[in-house]
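Read through the structure below, which is laid out as structure tokens, and then see the notes.
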Amino acid sequence: MEITKFMKKLSSHKGVSDVALIRDNVVKLDLGKEDSKDFFISLKEDYGFEHCSLISAIDNQPQFELVYHFSVIEGSIFIKDSPKTVMIEIHIFLERDTPTIESVSDLWFGANWHEREAYDLMGIYFLGHPDLRRVLLPEGFAGHPLRKDYVYEIHEEEW
Amino acid sequence: MSSKRIGGNPSLRRGLGSKTTDSEKIMEDPPAGDWLALRSDQFLKWIDNAVYNAAEATGMREVVDRVTRPIFNYAQRFSPHPLHFGIMCCAIEMGQASAPDHDIDRLGLVYRSSPRQCDVLIVNGPVCEKLRPKLKTLYEQMPEPKWVVAMGECAISGGPYWDSYSVVAGADTFMPVDVYIPGCPVRPEALMHGFLTLQKKIREKEPGLFLRR
Amino acid sequence: MAEMWISMGPQHPMTHGLWTLKVKVDGETIVDADPELGYLHRSVEKMGERRKYFMNTTLTDRLCYASSTTWTHCYALSVEELMGVEVPQRAQYIRTIMLELQRLASHLMWAGAYMPDLGHITGALYFWRDRELFLNLLELPSGSRLLYNYIRIGGVKRDLPDGFEEKTERILKLFEQRLDEYADLFENSKIFRMRTEDVGNFTASQAMNLGITGPNLRGCGTKFDLRKQDSYEIYDEIDWEIQTREAGPGYGDCFSRYMVRIDEMKESVKIIRECFKKMPAGPTMASKVPIRASGDAFRRTEDSRGEALMYLVGDGSDRPYRWKIKSPMFTTISACPHYLKGYKVADIPSIMGSIDICIGETDK
Amino acid sequence: MSLFSFCRWMAEWTANYMLIPVFDFQKNLFPPFSHPAGTIADWLGTDGGLDTLAWTFAVNIAFAIGMTNLILVIHLERKIAARIQDRRGPMLSFRSFRELGEDLAGEAPSWRFKDNYSGIGILQNMADGIKAITKELIVPAKADKFLFTMGPIIFISSSVFLLVLFPLSDRFAASSAPAGLMVIMAAFSIAPIGVLTSGWASNNKYSMIGGMRSAAQLMSYEIPLLLSMAGVFLLAGSFDPVTIVEQQQEGTWLFGLPMWNFIPQFLGFIVFMICILAEVERVPFDLPEAEAELVEGWTTEYSGIRYMLFLAAEYIRGFAGAAVCTILFLGGWAGPWPIPPEIWFLSKVYLILIFWIFIRWTVPRIRTDQILELGWKKLLPLSLINILIVIFMVEIYPYFSDIVNLPEVF
């Protein structure tokens, strides 16, 4: 499937808005939180995005933003006359009071620890995640340090 | 920030985390009246004390110390076996130091994987909050006499990670450090110099006595 | 023997860094595994939010201690994308040379660390001896042995010194000879192949789903290298091949991963030579580099270990609002129960060594 | 003059001029009682007493020679390994004694590190050994204390015992039993019990797996090892090292060279070399202490002198293994005249040891299941074939050659 055709198809999905081509091989779109799981399933099954590159959580004060990067490795989407592979960047906005979203780790195993990290450092809860524990910080650590309102003491030496 | 070596002094050592057990308490104060009630380990301790006191009284201790101390000191300072333990960048340079170009084996350094068989703990990177208890365990697993080398800026003071929420400000905040090797990362030559400095330190501060360790 | 959990790490010769692998064994067969990270979590992402854009290269250098230039380069690329900086042609060539030299050093570090895992200490010292050559080479332009801080936003710190090309050529020639010599010691050795072949297998489709990229994925036969697939700098102007292993016995196992890296080193040598041939004259730094940025941008590069991705969000100030690092090893380690199950305890070092762990970038 | 007659002469001299007068003097101090000193003095006058004293001397001499060799072997290992790896190895020089002398004399310390690392480094072993004495001996809290101390004793004593069992030549033997090699092999196979014991008692999973591996390795390697030795025993018709070496001098080969056992029994020689490597636990068969996966294997929890003695005992076993190999297959102490047989024997042993060092530093370690497979499926059949060949040589061929007048080959 050529990338322009792919972009047209994307717009027809429920909850998808602002589909844009931000580089010659990267498609960016915004997605509603409720329709995310259906969209991710079709992203994997229909369009062949085999690889979950990154899930990053951003504290936009007040709401949270989740940015998913998926990439094609041997999939069916291509760019004409170019060896470049296609990536997709998906933005999902979450309310600060309810930072929950459905997990995609059953679709991409590689997303498993990215979700754990987002939970660990940003406090986003992934529903249906098999093993949502802290991954980088020790168990019992108070707070989620990558949030902008996290306050910590800096050990500054006296000079 | 104290870089004082605490290894040899039992009272300070105890403050570092090894707790005084009940049997030790009994040992310090042997029951004067009922010798027969001594357990075998208490008895050995008592014998040890008796021999020590006798040696002390006759002046034998000084003679034995005078001869054995330099020999043991010589052996200790020329065979420092570090723990095979890497934290960050400096660990790579530590490995590179044993490569043919620098060959730290010339100084008799053999990396042992088990803390039980080591003399030197090289802290070669930032100590994070999650690592700190483990590092302390490693230190306590090592047999006396033991030394700690803080290798690189991170281990000395936190280095580039001074404003991090999870990095401890230097290894000496929770364990005694003998030698600091600055550098980010430490070059292999600097590591060698650090070990020569450690030798110098061991030589100047003679280790524990022979009869009572 | 009953089933039991063995905890390996954080101080264990197998780990190559600081992490804990808990394995459940039945006799000597692995039944289950549970990796644990975080002993080296330095909070680079949070610290980056307190520093200016150009100051963060210090932190990116220390992200991966075996391959620091590639990470700084990934960061510089992302910031350039965010700010819209155009890098001069000569700087791009110099960057490519530095990246490939760093890749050689990193792969040699890996090979050196892999050999003691198999009980072959001499191999480690041979590879580290060769790595020393490349460290000396990288020291010439940058002035440092391990953490160079040479690639800056908008170009490189300074031009290559005089005589760099001749020195590089001499070292590359020596290195090629030595790689041919080592073939008899390693890949043609019966015991080496006994330890690595048919150990730690995974197929390409599994690897993609598990999030495994880089040489580990190419060891499964997938032609996926971001230097071609998402080309940056001047990799698309240079004639080189993606190194993979053909399907057959020993496909997607430790041996194929070993061979992919060895072949990649040979390919890197080619790239460096061609870069020197084609290198134009000119400035090495963009004429104007802004210090403020807004919006968001990301670039991904082919790190020595796989796909490196940095996602940056700017809010118009001179510091990043959010800086997210994707480490290839983070997902690869998370998948280790999948490729450890069913093998022996003695295979753990062989498998975990072959995927080339670097905890610095993993724990961030 | 043999070692024993020398020791006997020494024993007589010691008894007559040193021991008996002392005991007699003590006896005379207490004339009314039958003091033990008197009994000892009487006993020392007899043949049995003098023999016992002579054996004691012989064993001590053999032991001292073995321990001296041990230092040399460890030094060789470190230096050759370093040279293989394109580096220099330990370089602690005798000049470092200057510092020691200053410390002993109590003068003010002055720091001269330039001189300390410019020698051949044989002092490094000494420093390591003495340092180990000063280290704290740790017994883990949950370890089985009795077995934790017994394990090293079993391992080290059985290894040191090996040193006095093999002869350096027909005249230089501390012990000469008709079943000499059987005793050596029995002593060899005690050590895995010590390994298993200390591995289990450490209360450490790595140690335990190391101990288990040692037991498994013993099971799979002892059998082909003994079967490959059986060929030599059949050929010589004896377990006695002296007989075996003498038998090897009988036949001749090209240019009148003696036909040592490794020529007719090449198969057995190969099997033996592999198995003895596994027996002394060297790379590629050092599974019980595979440092990549089992931190230090079964020695993980041992500190200080216990660990150092483990290390020493392993080298002693290596030395003994090479000595057995020399006796069985390389003609023992036989060699041209001007060089004494003891030197011939030791040089052959060192040749094998250096060969092992080269193997150790050039091949990776193999896996447990592979080692068992190699032992049971390949080496065992090969050693059986070797025995068949020897039986053919010893029994069947001479029988037929008597009947049909075959040429005398063997």
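Chains: A, B, C and D, in written order; residue numbering restarts at 1 for each.
Please note the rule applied: a residue touches a chain if its C-beta (ideal position, glycine included) is under 8 Å from a C-beta of that chain, and two chains touch if they have at least 3 such contacts.
As the structure is a prediction and not an experimental result, all values here were calculated from the model.
The minimum number of touch steps linking subunit A to subunit D comes to 2. Of all chains, A has its CA centroid at the greatest distance from the CA centroid of subunit D.
Taking each chain's centre as the mean of its C-alpha atoms, subunit B lies 36 Å from subunit C. Centroid to centroid, with C-alpha atoms defining each point, subunit A and subunit C lie 24 Å apart.
Taking each chain's centre as the average of its CA atoms, subunit C and subunit D sit 47 Å apart.
Chain contacts: subunit A has residues 137-138, 145 touching two or more partner chains.
Shared interface positions of subunit D, i.e. residues touching 2 or more other chains, are given as 85-87, 291, 295. Residues of subunit C found to touch two or more other chains are 12-13, 38, 41, 43, 46, 125, 129.
Pairwise chain contacts present here: A-B, A-C, B-C, B-D, C-D [touch as defined]. Remark: subunit C residues 10-13, 16-18, 38-43, 46-47, 50, 58-59, 62, 65-66, 109, 112-113, 125, 128-129, 131-132, 135, 145-147, 360 touch subunit B in the complex.
Interface residues of subunit C facing subunit D in the complex, by the touch rule stated above, are 1, 4, 6, 8, 12-14, 28, 115-123, 125-126, 129, 185, 189, 191-192, 194-195, 344-349. Put simply, subunit B touches subunit A in their complex at residues 129-130, 157-158, 162-163, 165-166, 169.
The part of subunit B that touches subunit D in the complex is made up of residues 66-67, 69-76, 78-79, 99-100, 103, 105-108, 112-114, 116-117, 119, 141, 143-145, 196, 199-200, 203-204, 207, 213. For subunit D in complex with subunit C, the residues that touch the partner chain are 81, 84-87, 205-206, 209, 212, 283-284, 286-287, 290-295, 361-370.
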